[in-house]
Amino acid sequence: MIQMFHVYKIYPPNYRAVADANLKIDKGEFVFVIGPSGAGKTTLLKLIFGAEPPTKGQIIVDGINTVRAKTSTIPLLRRRVGFVFQDFKLLNHRSVYDNVALALEVLGLKKKLIRKRVLQVLKQVGLLNRINAIPPALSGGEQQRVAIARAIVNDPILLLADEPTGNLDADITKEIMKLFKVINSWGTTVVIATHNKNLLSYHPTKLIVLKKGSVQGVFVSSHKNSGSFVPQNVQ
Amino acid sequence: MIQMFHVYKIYPPNYRAVADANLKIDKGEFVFVIGPSGAGKTTLLKLIFGAEPPTKGQIIVDGINTVRAKTSTIPLLRRRVGFVFQDFKLLNHRSVYDNVALALEVLGLKKKLIRKRVLQVLKQVGLLNRINAIPPALSGGEQQRVAIARAIVNDPILLLADEPTGNLDADITKEIMKLFKVINSWGTTVVIATHNKNLLSYHPTKLIVLKKGSVQGVFVSSHKNSGSFVPQNVQ
Amino acid sequence: MIIRKLVYFTAKAIQNIRQFLLINLITVGIISLSLIVLSSFLMISLTLQKYLDTWKRQVPVAVYIKDGLPPDETTAVRQKIMNFHEVEEVSFISPEEAIRSLQEIFPGQAHVFGSLKENPLPASFEIRLKVGYQSPERLRTLAGNLERIPGVDEVEYAKDWIEGYESFFNFVNTVAWTIGTIIVFATIFIVSNTIRLTVYARREEIEIMKLVGASNLFIRIPFLFEGIVQGLLGAVLALIALYGSFRLCAGWLVHQSFLPLQYVQISFLPLNYGLFILIGGMATGLLGSFFALGRYLRVS
Amino acid sequence: MIIRKLVYFTAKAIQNIRQFLLINLITVGIISLSLIVLSSFLMISLTLQKYLDTWKRQVPVAVYIKDGLPPDETTAVRQKIMNFHEVEEVSFISPEEAIRSLQEIFPGQAHVFGSLKENPLPASFEIRLKVGYQSPERLRTLAGNLERIPGVDEVEYAKDWIEGYESFFNFVNTVAWTIGTIIVFATIFIVSNTIRLTVYARREEIEIMKLVGASNLFIRIPFLFEGIVQGLLGAVLALIALYGSFRLCAGWLVHQSFLPLQYVQISFLPLNYGLFILIGGMATGLLGSFFALGRYLRVS
């Protein structure tokens, strides 16, 4: 699903957010990216998403080389990828419903179909009662759940979630992680960036540890749902 | 320091974010406000700060009735109160330095004094290396630390921190909480809203539990740094 | 499919206009005012030209006839004059009529002219020309041709006057075109940059749209619709305001004793100018949105 | 203390302008163009008025003298005419000169006038008036007074012409004031609303300033400074652009054979108008910022 070859991201003037990252994430995996604040987790996810171009190296997502791809293919890729942004990136002048529906509207679906699917997802994240509110009128945790709903509403083949539970309490975190597990079990590759080591109890298939922009190690679960990791050599 | 009498916050059209809150927080306390997502923690802090007017009830902060106070006294109060916003509220076009310095500039301090103090605080939150970056070029955790730096730079008499470690890893969380403890030991009243029950290990003097806008209970530490709570009757 | 998309984008545009109502009102106001300046200028320069045109139409050409020409030959001369296609109207001025008008021009010397033993003035034809034939060159050629008619003694017209007038007209014309061009460019610049500012205020929206995989077209179309609606609304408001103040002014001006109104009717913008304003407003709105977006669509 | 604050706020304003460069450039551009329209209109209407003024100055008044008045009484009449303060210049026209100019007017009839046994025309004084005394009423009173001078037979001037001219002048004046007023209001509206849009784009900044305890004044001052700088820059750019195109146009126009330029020099905006533009630009920038902020400062 995702392959990275010697990827560097150097922000101007000379700030190495990601250095020489080599990764391989297969279809259907459930991956955690962990590391301290400023380690480059968000940058790594944005690189995969094509939201930032790498300074060096190649990235292949779902068979598409995002570095060399035409600009018109990036939107097509994004319609099949869900992204929960750390800062949510919600439309502040649109209702919760509209924000989530947007991800389906870009697919050109019919209004009725959109409505059904949006309500279904909003129910899953527990926001049916805030459906007409605009994001500035939501609590932090509610905004985060809108972002999650938007990311999963279009049944993405790849879900990138950046600190998706940073504003959620333990109970809702459990709900959301269960949801991600379900989505993953249906075949969606899930990559979650977090600093919260508690989440490791949710049995990732792969654990990528970042520090100061470098991949410190990639640990692969020795057998499914074991929760123990062995180092893996990436090509 | 803070007193609330039958405070209600009903958002239009008819959404009870806080209902009949009665609280008393003394000078020098170290208080946690906990509760699930959407419980009203942020709203409670904003009410204290005068960022939202209560629908009903009276709020007295540092001897000032914020409901009845003239609009010109609110800025004066805010200059003595630090607030770490859940969504940071940083100036996106200003450097980290300028963002933190702003809280001192409104006090009319001299440039040299401002510089000294800002650098000192940025060192405490570990951001000396990002001093000239603008917030959009920072990681989530870095932005949060800028917000924290700005809140404490003017030695406030009251620090209101809304989910101040939501984007921080365990190590930095520890640093920040230690910092809050130090500030508290110098006499600053500290109120922290969080959903993270792990933080309770930092020995609050008072624990306010919110649920669906209601104060479910106020627990007061039986003796300093004990970590155990007994229910308290608020007037 | 196409209809569904059209409905969708129209709905989006309306939603946008309502959600950014203040911004939209300001934009419409600015477009409207720019167009008011432009079209009140148009209207007034049109009126002025009409006014100058009536002046021009009054230029007479006098064809003096040889002394003692027999009546039938005089009629023949008249016929020949009528054959020039420039000529609108011909009237005969007998020597008596000529001296009478001279007496009117110099009322103090009425007795002097009356005491003349012999009328020194010849008979003449006064010609009024059709519109568009009053330029100095045309008049010169026409005068030459008229002089060549047998029986005609001399042809006269206010040569100095017509040349002075012509240069004045050219001057006014140049001025009108200069200001007009400045105003047109200013309008386009102001409207497109106003839209640019509104797009700037909404750049985050565009960014987010891109992040959920919207194509450039998908983002652009509602903005373009919005631009068209803003431009159209602005133009309509401008025309309404103009028409209102035109009615007020016209009513007031008629009661003023300004000479020009005896000759000219101030008229409202002709239909094609009104259409020009409408289409111009829409086009500026559309193009303004189009170019304003470019910058923000280019980033990934 | 005050100087420190002044330095601080100036630095903030400059910082703001640099950080929101695009927005500021657009605002300056819009201000500049609005002022260009306004002042090119001013310039041209001033030129037109000057042009009409020279026309007006040429209105002659003819004072006919009684037949056969002795030379010393004629001199006395001249003296009395000179005593009127409206009079700028008096020149004597003998009957011979009068007939000569009549012959010039009717060149075809030269021989007719030559054959007159007796010169029917009286001697006269031709008067040129000082500027500002050419209104129809003033001329009427003056004519009446001149007629009462002993030895004067009759006073004549182009009554119809002057009244026609006056009404034309009034018309042009009304038009100029109307457009001028529209443009002034449009400029103020456009500039203040453009600034409102830029403030809208920066409303979060204002909100955050309020949250860290900034007083309204503290927030407002840098915006006002910015507004003043934008207005001033816009005005300066407008004046530079105007002056540049004025030099180009003036150079080009002189080579055109437009009559008016023989009489009038197109002149650049007089100093006080230039100052008016500068101060007007600054004031609109200042007030635009002031009012644009109001809305956002009111919220807590």
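As written, the chains take the letters A, B, C and D, and residue 1 is the first residue of each chain.
Please note the rule applied: contacts are C-beta pairs under 8 Å (C-beta built on N, C-alpha and C of every residue); 3 or more make two chains touch, one makes a residue touch a chain.
Not measured: the values here are computed from a predicted model.
Think of each touching pair as a link: the shortest run of links from subunit A to subunit D has 2 of them.
Here the chain-to-chain distance from subunit C to subunit D, counted in touching steps, is 1. With respect to subunit A, maximal separation of chain centres occurs for D (centres as means of Cα atoms).
Remark: subunit B and subunit C have CA centroids separated by 67 Å (rounded to whole angstrom). Separating the CA-averaged centres of subunit A and subunit B is a span of 30 Å.
Centre-to-centre spacing of subunit A and subunit C amounts to 63 Å, using the average Cα coordinate of each chain. Within subunit B, no positions touching two or more other chains are listed. Residue positions of subunit C touching 2 or more other chains: there are none.
The touch graph of the protein chains shown is a ring with every node of degree two. Of all possible chain pairs, those that touch are A-B, A-C, B-D, C-D. Across the complex, subunit D meets subunit C through its residues 22-23, 26-27, 29-30, 33-34, 36-37, 40-41, 44, 48, 51, 64, 108-109, 112-113, 115-117, 120-122, 153-154, 156, 163-164, 167-168, 170-171, 174-175, 178-179, 182-183, 185-186, 189-190, 193-194, 196-198, 200-201, 249, 253, 257-260. Partner subunit B is touched in their complex by these residues of subunit A: 11, 35-38, 41-43, 86-87, 137, 139-142, 145, 162-163, 166-172, 195-197. Touching subunit D in their complex are the following residues of subunit B: 49-53, 71-72, 74-81, 83, 85, 89-94, 102-103, 105-106, 108, 110, 150.
By the touch rule above, subunit D contacts subunit B in their complex via residues 4-5, 8, 19-20, 204-205, 207-216, 218, 300.
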